[in-house]
Structure formats: structure tokens, C-alpha cells
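This report refers to the structure that appears directly beneath it.
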Amino acid sequence: MVDPIYIVAVLLGISFSLGFIGKKSENIAGILSLLALGFTTLVSAQWFYNFVTADIETYHIFTTAFKPPFSINLMMGKEEALFTMMINAIGLFGGLYMFDRLKAAGKNSFIALLMLIMGLNVVVMTRDLFNLFVFLEISSIAVAGLIVLTQNTKSISAGFKFMIATGIISGLLLLGIAFIYNYAGSLNIDHILTQNLEAAKGLSIAIFFLMIAIVLEMKPFPANGWGLDVYSSAESGVSSLLSSAYATATVFVLMKLLPFAPENLQFLIAAIGIITFVFSNLMGMRQDNPNRMLGYSSISQIGLLAAVIGISSVIGEYTYFIVISILISHFLAKSGLFWIAGIVKQESIKNWSVLRSNKLLLVLFGVFIFALTGLPPFPGFFGKWELVMHLAETKNFIWIFAVLIGSFFEVVYMFRWLGYAVKNDIIIETKLKAKIHQIIPLLLFAAAAFGAGYYVSSEHPYASLINYLPLAVALGFAFIEFLPVFIKNTLAIAAMAAYFYFNYESYNELQVIFAAIFIIGGILTLIAGYAYKGKRQGFYPFALMMFAGLIGLVEATTTLEFFFAWELMTIGSYFLILRGKKSIKHALSYILFSIGGAYLILAGFGLAAIGKPDISIGILSNIELYAPWIFGLLAIGFMTKTASIGLHIWLPGAHAEAEADVSPMVSAILLKAGVFGLIMLFLAMGEQFIGNISFAYILSWVGVITALMGNMMAAFQEDAKRLLAYSSIGALGYVLFGLSLMSHLGWLTAISFSVTHFMFKALLFLAIGGVVWRLKTKDMYKMGGLIKKMPFSFISVLIGIIVLAGVPPLTGFAGKWLFFQAVVEKQWFLQGAVLFFSGIIAFLYCFRLIHSIFLGQPKDEHRNVKEAPFWILVPQYAILMVIMLFSMLPNSLLKPIGDMLMPYFPDGAITWDGQMATTALGYWNGKTVMFIVVGVFAIVFGWLVFMNRNAKKVKQFNIGYAAERPFLPETTHYAFNFFAPYKKAIGFLVAPGITNFWHRVDEGAHSVSDKFTKIYNGNAQSYLIHIVAFILVIYLISFGGF
Amino acid sequence: MSKEHTEKRIVYSPEGDPIEVNPLQDYFCEDLPEVHKASSIAILENFRNWARSRSLWVLGFGTGCGAIEMRPLMTPKFDAYRYGIQWRPTPRQADVFVVSGYLSVKTLKRVIRTYEQMQGPKYVMALGSCTINGGMYWDSYNTINRLDYYLPVDVYVAGCMPRPEALLAGFDQLKKIIREGRGEGYNKYAEEFAWYKANQKKIIKDWDMPDYNW
Amino acid sequence: MKEIIDRLQELYPIGDFKQQNKSLALITVDKDKAVDFITRLKNEEGFLHLSIITAVDWLEKNKFQLSYLINNPTTKNSFVVRVMIDRENAEMFSIHHLWEQAATYQRELKEMFGIDFPGSPGVDKPFILEGWHEIPPYRRDFDTKNYSEETYFPREGRTKNVPAEYMKQKLYPDE
Amino acid sequence: MDPLIKQILFALLTIFIVLNYGLIVQGIVRKIGARVGRRYGIPFYQPYIDIIKNYSKRTRISHGIMYYIAPVFRLTGGIGLLLFIPVIFGNNMFQNFSFSGDLLLILYFQFFGVLGMALGAAESGHPNSAIGVSRGLSQVTAYELPLTLGVLSLAVQYNTLNVSEIVAAQQGGILNWSFFTNPLASIALLLAFLAAMGRSPFDVVLAPQEIPIGPPTEFHSGFLGVLQLNRAIFPIAKLILFMNLLFGGATNWGELIIKTFFIYMWSVFVGVAFPRFRVDQSVRWYLGVPLIIGVAAVVVSKFF
């Protein structure tokens, strides 16, 4: 193995030798520097590899013949190897990325780069305090040199502020070191640590200065204005060095020096860190400039790390794992994002739509955003999970709250940015061209993000259980994007079918039901994808990712697997929703609600794991502590997905704007993920109480109001898909109510209704999607009379609405019947009556849907429209056949579900006699009802045909029109504001109160963020005052001044 | 009404292809009426005629001043309900069209349209001298003289205006006609359709509807 | 009434003043000054209400007479302002800017007499008649009886009687 | 005889009796209305003549397939509803097909015909039809709420949703009728019944003078004939249901006719006395007093 001293030696040597190279030979200088950096990267990588695989001993380097504390010594351990590897890598690839920029600035810039990296390497490896100070100085001077690469007022003033600030910091550091030397009589870290620090009076002041200097290097809120100016004005490549290399080294220094600090100072550092994390992210929401936004993000991430390190005594041995996983995510993602920002060169994130001109960059951008926000499968995900778990374990609930709220703020602005990039309307003509030396680092870092994710999860005791196969298949589709839709669709269907075929036997009944909804339902909706032409890029990886998540939910045995799958599903569906038209706003609100919900789930799982030996799902069923809290957190988390009232505002837009086959995916299938979660929760935890009131009772009302409001709002929509989306909200209210009944019949209702809802909602969304496909509008009043043009779609919608409305003899009635029996049995009459009422309101929108689109007056523009594409009809008719089967033989659906529920709710089951269902209260025979209705219908129909056999077919305006004639179909088709009188009577119930509430929350957060951002006025003097005031305040706090 | 609605126009399909719309052809059924033979089974047809005569549903369409004489029919004093006569609001469900008084050309157009929208067998009862020979408007530039040139009239009730008693007598007469199987005015209309249409078109200059309004 | 006219006599060439009764007077004004005059009556003399605009066909004089009946709601006096216009290419200035409802009267006059009011809203749209292609029916040179006989299939055998004599004969044939 | 065939024959008999009863009662009600207005009025058999007349029409037009089968839906809804209700208590054969479902099936099956009819009316393309449907559906939602509460209250009282058992529980004297044992639920149900019958003041759906009889405005000839058959059967089926729920059912046809006739009179008298509500008025009205009575009924039967 190469001695690590050569890292320093080579870097120093090359940078000195660059001085001898002629003025014109920047190329040679550059290549030499890169070679040097490559060498150092390899050296540290080799050390790291050996540490990981061979578990070798820590290596010490002694610079002179004396042993420490009489000489300076360096150390190469596993941590050092990792950190130097990261620093060298960013030096190498950052240098490569900036190659032509540095070359243009002259060879001295290469020297600055090499000095920076060299300095940081030593900062990491050294065990000597003064040495640390010296090399930190060298690095910061090198950084200042790099900052002023861009010769404009902004960057020069930023460089000046940087020098001033680091000057103060160095002064403090030096002061601290001097005092320590005075009291401890040594500069060697290990040596000082062996002494009894407590004993030395006055040493605490010394350590305070030392630590505060390091903390200031991390740019804590609010004394970080100087850092932000650097991020926003320096070259992107330099910012990436600063954010990734410099900050990484600082984090390591903090870890190294932490043992110096007494317990209370450690907590103070942690508090500073978490405050920085929350507030920087809060202010990040207000940013429009990408570099400055990334600056806020960098500062916040480092703040989080400082917080984690600060409370390492609480977290214990896992600190290292958490820090490393979060840091690696940050390191890779932030450099990548800074580099992309350097290529895009847009001052406002709104203009990032230009990124669409380069697909590769767009994909990389997405990967980095996900890595940064801690979504799976990237390492940050596991870091955040472990962090929350350990904070919960030690009951630091406020910390959990702070971590999650800060992360949530970060998600807000990162995904807004991503949304703008993928979907914003601003069209900029320039085609982005990235040079090859800029692309290579990006690609390598993106790959490293995946690799690191896999590595980190393999280190984790439970993460290694996660089934990566579905995710791998989904990602695999990213590599066959060049294939036409037909092949990809077939492959996707085959993959899902094969997965189901090989696995379903290992599922229990509940899992089979939901796996069937997820996978068979998924296959059905995928069939509609054959209707698309071309390549349909960016659809299959995400669709399959969503299904991978759904499958993961069903299969999850640990809470970590469950959460992983939940996040995966969220990501996939986010992109599917983002594909729709005008989706940018809706997709953002979708991801925000989903991630907010996911964080609640995370917190819930964290609380659940307190005092438990493992994290299997089963721990939910024997919880002693905080049970109502856990139940509440998890229930609300799941209810964001089922879009219960209050949490529903993301749904209508998201589902309505999606594509023809995506709407059924997200509406008929995805929502069931929330149902599955709730079922799991109820099964595990049973009834929970707040005081005397049962949670189930509260949820029953939530479900009832959701159903009522969902249905009522659906009745007043003009947009067909929005109508169906609101109807989904209402239907999920039914399911929630059914579950909250906590009885056999209630659950039977809920689960069978979930299945039925999947069928009719998929049917309706596909049929309406087919109509919209042909008509290119979603407004119902612009349609009309399409029954003659689209008879097959009409039949689908007809059957769909009959099932939806629950009118016998079709299978929808089963749900209504069961539900009524369950209500009477449970004696929740008021809820039952309101729910029945909302079921009747469903008639309103059902009729409106079919009337406005298929009946009434055909429009002139639609004379030549064709029936919906064949492949969109195929799944509809497959579903239709199943509906007919279940209608004829209701026990083929209900009996297996009832049997499945027997172990959980043995009382009150239905007795079956053939197709005759009997409960304690009533009875129903689906088959005879069907026969009677069909029989009577046939006879009456025969009679009518006999009477009216020679009826004259007439055209659309042959109507008795008060002796006049209609003139235009548009003015004759009564469809707009169809339920005007109804709206007049009870429209006040559907005033957009909840939407307004969330808007106000949004505005409030942004205006708070605005207030705080104002303290950064760009003035060096005020930044100085911030720093001094900060030090003073911290001093007073730590020494009891307050 | 304004003319542009009856002229040809171009609309564009969702794909942007032009579609030519010819309102008269495209919105209205263009077929001509057919003659419907009475059933050859005499007893059946007699039974049906009895039912038709006992259930006369009148279209509530007052064309002229005579409409005011129709209202008292439903009051306790005359009570036409007892003869199975009642008013229907839509031509689709009505059997008898009572043309109550003078007809301007403009109204005639609506009357023809409405008459054609009724389902056969259907009957026309014309009130007052105006429908017989023009009455006091015999030399007006805008009022027709003889209704039977435009529609097949089954019963005329003379007078200016006829009182409700006369109307009842008219209904009685109509019943007799129907019972005897002579209430085939609508078949006559179909048989001599060309002649009726020519007469109608002679005075309705801007003919902006199909030849037969189904 | 007379006082008003006396006052305005100097400004407008007013001819043929005739006090029909206590509250109604007829006056004739030149076509060019008519709108000006009516405007003055409305704005300064309180004749705020336009009751009707109608026309008389003076076939023999080859003139149309337009009569504007305007009313002062406080004094309850009315003027009939008469304007004589040529029968050929009959045309008159519109007063719809004074009273909106004038446009309707003007539309009717255009249809029935063929008097044009350029600028009046919707004056060319058919008002009552649908598809009328003859000369305007209220002109005296339009022979309505002849038109009716040619167009509307008169019933043969229609006879005319003097009602009183006919009824006498019918009821009391012996006397 | 095969029991199934016997059952079908009895079902046909039920339909026949109810059809005739429905037509005659229609005529009688109109006759009573005439006599109240001091008119002589129609002959009581006038509804028969009207139906025969409509079937005797020689021409008919069709606006499309849904329009064509809408009357079939409507009549199937009426007949089906009748067949699912146990008509005569204690008579096995006149229980008809009530073994195939309980009260809930009946409540939901009502809508089968309504929705089918609404679809057909909509296909006629007439705006007045669509307006009528819009009004009708709005009104349905409103009166269903007190109706449901009343039914729930009865279900609690008798602890069953089986109509036959509800009737059985009311046997043994007038005072055992739900009308007396559960007056609040009865009031709620009878108020809902008014709109269910579609008579004034809740007849804005048809509104002959305003939207020429609303949904069926384009129906005529044979189509109208089928609708008229339904108009005879459907109200009687509803009457029988209310009789079963509130007035102890009937043990023979005579009792049935007397009871249903008086229940019918309730809606007739209200209709004669009150003018028509607008839709928003009737919706608001049903969400007021009847709703409160319904809630009270449920609360009372749950806790007392």
C-alpha cells in the first residue's frame, strides 16, 4: 500500500513544480494536476478498500524521528481514508469539470486547487492542533483564490467577505489552540485527550474558542451571510468544492475535536446545528437563484450533520453510520447539482425548463435531487431513518420534529425546482450542450449515489432485507428507453405477471387481495399503454417503480421495508403525475402531501420501535408506550394517501391532469396503498383511545365527511376527470368508515368495496380517458351525444356508474347492502345516514357524467371522432366481465374476504347458502335478483319492441321545441352548471375552505421565510456583527450568562 | 331568426380537420311521411277508434284570439274532461291540434312544424271564420284565408268567435268522425304531401326547415 | 304650448302650428332641423317621453309624414312633431340616441314603409314579417287585397252582406 | 306444479291486480279532485282508455337506443320493486320474490328505473328533459335523508331489515303498528313519502307549464304507454312498502286496498292544499324539519 504521506507529498510537489512550467503550457499543468489528484484519490481509495475488506490496523505517520506529542503526526484510519477519498475525488472531478475554466484563468488556479485539496487532506489526517490550524488557513486562502476566479464585483466582494470571516475564525481558532497549549501543555490531540481536561481551570474557555471556530466554519444560522454570498456568486465548480470538499473536511474536524467539548457544549453545538438546519431550509423556500438555493441547502445539511455529531453521546454507536450516510448523499448530490447549475447558467429556477433540451442532464438532475432529499434508494434515506429511530429510542421528540420539518422544507424547494425543470412552460430556445469533461464527473457521481446507497443499505442490519429486485427491474427500464412502446409495454406486463406468478403463493390472503389489486390491476392499466405510439420516454421506469413500491408494501415484514416501499411508490407516482398537462402545481402538492405523510409515518414507526428488539411490522401489535400517538401519526400518514378530508387537496388536480392510463393507475390502484396501510395499522393496533373517545369513532366521522364532501364536490365539477377524482375521495371515505367500524361486516364492506372501487374507477377513468384522448378536452359541457360515436365506451361508463351508484342488480349493491347491515349492527346511525345521503349524491354526478358526455346533443366538431383506441377498450372489457361475474355470483368475491377476516373478527359473519347471504339483520340473494331483473327486463323489452317495431329514427334536432327549432347543439345541450338549483340550496357546503386553509399555511411559511431572509443584506459589516453577536450569545449561553 | 344558423359553415375537429356543417341536412331527418293503413281486422280497428275518440289529448297551442275560448272548457261549467279531453304540453303526446283563430304566415310556419311533430293518427280542429275563409282578415297581406290548403282539417267550428258550447259540439263531431273511421286526415296529408307542401311554400318564402318535421 | 313655440319660433322654422286640444299640439318641422328640435324639447323643455313614432303615406303629395309623439310628464303636455320627407329613397335621421326605444319604432317603419334610418341599431333586421319580398306592405301603392287574393287561395263563394240587414232578414224574414 | 312456476304465476297475478288497482285508483283520485273542484270529472276508467289510445298510435319515432329502452328500464324498475316486496302478509305465494333481498334491496332498487329513465330522457336531446332530470335527482337526494333515518329507526326498533318480519312484529291490533309505536320515524317517513310520490308541492320535476312535463317530454305512443303502466304500478308498490313499514301490512287484498288508498290520500290532500316548491326550496325544506325529526327518531330508538 502506498504510504498516505505521498498524498501530501505528491500534491505539494506537483504544485511547486507547476511554478517551473512555462507560461503558455496550461494544458500540461492541468493534466499534471489531474494526474496528481487521480493518484491521491487512488491512494485513499486503496486504503479505504483495505479497511473495509481486510480490516487492517490504523496507520500512523510520524514526520520526524520523535514520537508525538513532540512531533507532528498524521493518522490514516477507516474514517480518514473515506474522507480523504471523498475530498480527493471532488478535487479530481471538480478539477476535470472546471478544466477549461481553470486553464483560462492560468496555471496558478491549478496550484490553488491542488493546495486546497492538499490542505484539506492534511486537515483530515492530522492529529496536531496547530498543524490543523495551518492547513485550514492554507485551504481557506486557496478557496479565496478560487472564488475570485470570476472577476466581477459580486464575486470579489464575496471573496473579501470570505477572507474577513475566515480571518476572524482563524483568530479564534488560534486563540483557542494557544490557550489549550497553555493549559494542556501539548498540541497533540490524542495526548490532550488523555489528560483530565476538567481539572484544568480556564481550559473550558480555550475549548470554547476552539469549538466555536469550528462551528463558525460550518456557517451556522444566522452568522452565515458571508457563506451564502460565496455560494451565490462564485463559480459553480468552486461552490461545489466549497460545499463538498471544504464542508466535508469541517465535519470531520468537528468529529475529531468533539471529545474536547464538555457535554453541555456538545448539546449547544447540536442545537445550533438543528436550528441552522430548520431555518436555512425555511429560507431556502424563498430562493429563486439556484446557486443561492443550493447554498442554503448546503448550510442546512452541514447543520444537520453538526446536530447529529453534537448529540452523538445520545445516539451512540450509530452516529458514524448516520453521519456518513447523510454526508455521502449530500456530497454526491450537492456537487452534482452545483455542476449542473454551472452548465445550465440560468439565474432563476423558473427558467430551468431549458434543462429539458438535454435528457441526460435532466435524468441526472432528478437523481441528485432525490439523493439530496433523502429518498430511497440513496444513502440519505437510511441515514434519516436511523436518525429518527434513535431519536425516538431516546425520546427526543422535539428533535424528531425539527429534523422532519427541516427536511420537509427542503423537499418543498427542491421539488419545486424539479417541477420547473421537468414541466415549466417557459420555453428557452437554446439547446444545452455539456462538454464531455463536464458530463463524466456527473455520470460518475450519479452512479456513485446508487452504489453508495447499496453499500450503506448492506451495512445496515435491516436494510439488507429489502427486496431490490422490483426496483432493479424498474431502473433497468431506464436503459431500454430507446425501444418502442410496444416492446417495453410487453416487457413490463410480462415482468409483473411473472413476479405475481412466482410469488403469490407465499402471500397470506390479505396480501393476495391487495397484491391482486396492485399487480393485476397494474397489468390491466398497462394494457391500455399499447395505445400509445412512439417511445413514451420516462413512463415505464416510473410506472414500474410505483408498482415496485406497491409490491414492497404488500411484502414488507419490517417497518423499514414498508417505509422504503412507501417512498418508492411516492417517487414513481410523482413522476407519473408530473407527466400530465398543467401538472406542475398538482404534482408539487402531491409530493408535498405524500412526503409530509411519509414523515408522519416515519415518526410513528420511530415511536413504535421504542424499547423493541427489532423493527418488524409485528411490533405494532404490542405497543406499551405512546400507543394513541403512534396510531394517530400512522393513521394521518396513511390518510394523506387515501385523501381524507383536509388532506385531499392534492388529489383532484393530480388525478385529473394525468394521462389516460395514468389516472386509473393513481386513482384506482395507488389510493389502495393508503387503505392497505390503514388495514395493517388497524389489524396490528386494534382500537385506540384518546381519553374516552375511540380513534375509530373519530375516523368514522372523518370518513363520513370525506365521503359527503367528495361526492358533493364531484357533483359540481365541469371537468370529467376532476369529477372522477373527487368521486375517488368520496369512495375512500367509505372505505375509511368501513374500517373504522371495527367489525366483521364493516371490514368486509371496506375490503370488498376496495376491490369494487378498483374495478369501476379503473373502468370509468379508462373510458373517460379514451374519450378525452379523442376529443382533446376534459370539459363535459363541450361534449355530448357521443353514444353513437363511442358505443363501447358508453357501455363501459354505463356499467361503471351503475356499479358506482350501487344500484342492484350489479355488484355495487353488495357494498351498499353490507355497509347498511354493518351500520345497523354497530348502531352508528347518524354516520350511516350521512353516508347513505352521500351515496345518493353519487347519483347526481353519475348521471351528469354519462349525460353530458354520451347523451344529449352531439357537437358538430365531434362528427368524425372515432371510438376510443382499441387498447384502451381491452382492459375495460376485461374488467366488465369480472364485474358481471361478481354481480351474478357475489359470494365469489365476498366469501373469500369473509373467510380471510374470520381470524380477526369471528363474530357477525355472513352465512352463505349458495348465493344467498344472510346476516343477523337481513338477507340478499344476488343471483335471483339478477335473474328476476333480467327476466322482467326481457319480457318488457319484447313487449315494447312488438309495439314499437317500426319506430322512425330521427336526427338530433327533431325535438318538440315549443314550435321553434334549436339552432346550435351548444345552446341545446343542457350540461353546464348542471345542478344549479342544488348548488343554490346547499352549495355553501362546498365552499373551498380547506384549500384556502392550505394556501394560507403556504403563504405563512413563505412570509416567515421572507422575514428571516431579510437579515442577509449583503453588507460585510453586518455579517461581521452577526458573527460577533453569535459568538457572544453562544458564549453567554454556554457559560450560564442567560 | 337570424339566417346564419341555417347556412353552411365550417367547424374544426379536435385534430383540426375542417368539417362542413349543413344545418338543415345534418340536424334534421329528411324523410317524408308515409301512409299508415288502418288495421284490416275491423273489430280491432273499431276498438282502437273508440279508444281514440274517448281520449282526445289536445295540444296547448293558442294561435289566435280563439285560444281564450278554449280555457273555459276546463272549468266546472263546461268540464271537457268528462269526454276524455285534456291538454298536453308537448306535441309528441297530443292527438288534436286546435287551431284557434286567424293564422298569420309566421304563425302558420310554427303550426305546420308542430302538426308534423305530432304522432298519427292526429286531428286538426279549426276554430272561427278566419280559418275557413279569412274572416275579417280576408284581404290582409299577411293572414291566410283557408287552412285546409295547408293542413288537413277534420272539423271546422264556425263563428267569430265560436263559444265553448260550439267547441264542445265540434269535439263531439270529431269523436263521431273518429268512431266512424274517417279521422284519417294525417294519411291524407301524407298522400297529398306535395300539394300541401307547395301551398305552404308558396306563402312561406324563406323556408328554413326540412320538408317534414319529424 | 303656444309660448314654447313662440319662444322657439326664432330658432327653428316651425310651420303649421295647430292646438288640437288643451294638452296636445301639432307642429311641422323641416327634416333637417327636426332632430335638433326634438333634442331641444327633450333637454330644455322637459318633453322627456317618446310615446310613439309613426308614419303616414301621402301618396298624392309623394311624401311620407313622420309623426313623433313626445310628452312632458310634469305638465302632461304632448307635441306631435310632424316631419315631411320625400317618398323616393325615404330616409330620416335616427333619434335612437335620445331614446333607445326609438330604434324599435324605426325598425318597424323600415319594414312596413321602407323608410330608412341610417345608423339605427338593427334597423335592417326583419321585425314582424318573415321572408317578405314585396314592397313594404303599409305603402299605399301596395294593393293588399289583390296580394291576398293572389296568394292566399280565397274561398270561392264568399259573399259580403251588411250585417244589420242580413240579420234582420235572417231573424225576421216576414217584416 | 313446480313451485317456481307457481311462484311466477302468482307474481303475474300480483302484477295484474296491482296494475288494475293502480289504474282505477288513478282515475278515482282524479275524479275526487274534480268533485272537489265541483266538476263532474273523468270516468274512473279513463286511464285505461288513455293507455289503449297510446298503444293505438300508428307512428312513433326513436332518438336512439337508450331512448328506446328507457321505458323498459322504468317499467322493470316498477315491476321489480313490486316483486321484491312481500305483498300479502301470511300468504306464501303473495310474498312473491321477496326472498331475494331485504328492505335495502327495495330501497336501492327504486333507483333502477329512475336512472334508466333519466338516461333515455337525456338521449332524446331535449334540454327540458335534462333540466327535469337535474331537478328530479336533486330532490331525490333531499328526501332520501329523512327516509333513511326513518328506516334506520325502524330497523333498530325491530332489529331486522326483513320486511316480512317487520310486518309480523306489527300484528295484533292497531296499536302495534309502527305508526303508533314509533311516531317520530313514521312522521319522517311520511314526509319523505310526499316527495317520493312526486305530487305537489314536490312536482317541479314534471312542471308541465314550464318545462313541458320534464323528462318524458319526448316520449309518446307505445313508449308513453309503457311509462303509463309503470305510473300505475310504481306508486302502488311504494304504497305497499309504506303500508308494510308503518301500518301493519295487509293480510288480504281488501285490507291492502283500503290501507293503501288512505295512504295515497295523504299525499293527495297535501298536494291539493299546497302549491309547488322550487327545487332549492324543497331541498332546503327536507334538510330542515324532516331531517330533524328523522335524527330525533334515530336518537330516540337508539337510547330508549
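To keep things simple, chains are lettered A, B, C and D as they appear, and every chain counts its residues starting from 1.
Just so we're on the same page, a contact is a pair of C-beta atoms (placed from the backbone, for glycine too) under 8 Å apart; a residue touches a chain by one contact, two chains touch by 3 or more.
Owing to the predicted nature of the structure, the values given are computational and were not obtained by experimental measurement.
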item: Number of hops, chain A to chain B, where each hop joins two touching chains; value: 1
item: Relative to chain C, chain with the most remote C-alpha centre; value: A
item: Between A-D and B-D, the pair joined by more C-beta contacts; value: A-D
item: Chain A and chain C: spacing of chain centres that average the CA atoms, whole Å; value: 81
item: Gap in Å, rounded to a whole number, between the CA centres of chain C and chain B; value: 37
item: Chain A-chain D separation of Cα centroids, rounded to whole Å; value: 54
item: In chain D, residues with contacts to at least two other chains; value: 59-61, 212, 217-218, 221
item: Where chain B touches two or more other chains, by residue; value: 90, 92, 214
item: Residues of chain A whose C-beta touches two or more other chains; value: 952-954, 956-958, 960
item: Chain-to-chain touches, reported pairwise for every pair that qualifies; value: A-B, A-D, B-C, B-D
item: Touch list for chain B against partner chain C, complex; value: 2, 105-106, 109, 132-134, 138-146, 149, 199, 202-206
item: Sites on chain B touched by chain D in the complex; value: 36, 47-48, 51-52, 54-55, 57, 75-76, 79, 81-82, 84, 89-90, 92-93, 95, 119-121, 214
item: Residue ranges of chain C touching chain B (in the complex, touch as defined); value: 125, 128-134, 137, 142, 144-145, 147-149, 151-155, 158
item: Residues of chain A that touch chain D when the two form their complex; value: 785, 787-788, 798, 802, 805-808, 813, 816-817, 820-821, 823-824, 827, 829-830, 832-833, 836-837, 840-841, 843-844, 846-847, 850-851, 855-857, 921-925, 928-929, 932-933, 936-937, 940-941, 943-944, 947-948, 950-954, 956-962, 972-975, 978-982, 984-986
item: Complex interface listing, chain D residues touching chain A; value: 55, 59-66, 68-69, 71-73, 75-76, 79-80, 83-84, 97, 99-105, 108-109, 111-112, 115, 118-119, 122-127, 130-131, 133-135, 137-138, 140-142, 144-145, 148-149, 152-153, 155-156, 159-162, 212, 217-218, 221-223, 225-226, 278-281, 283-284, 287, 294-295, 298, 302
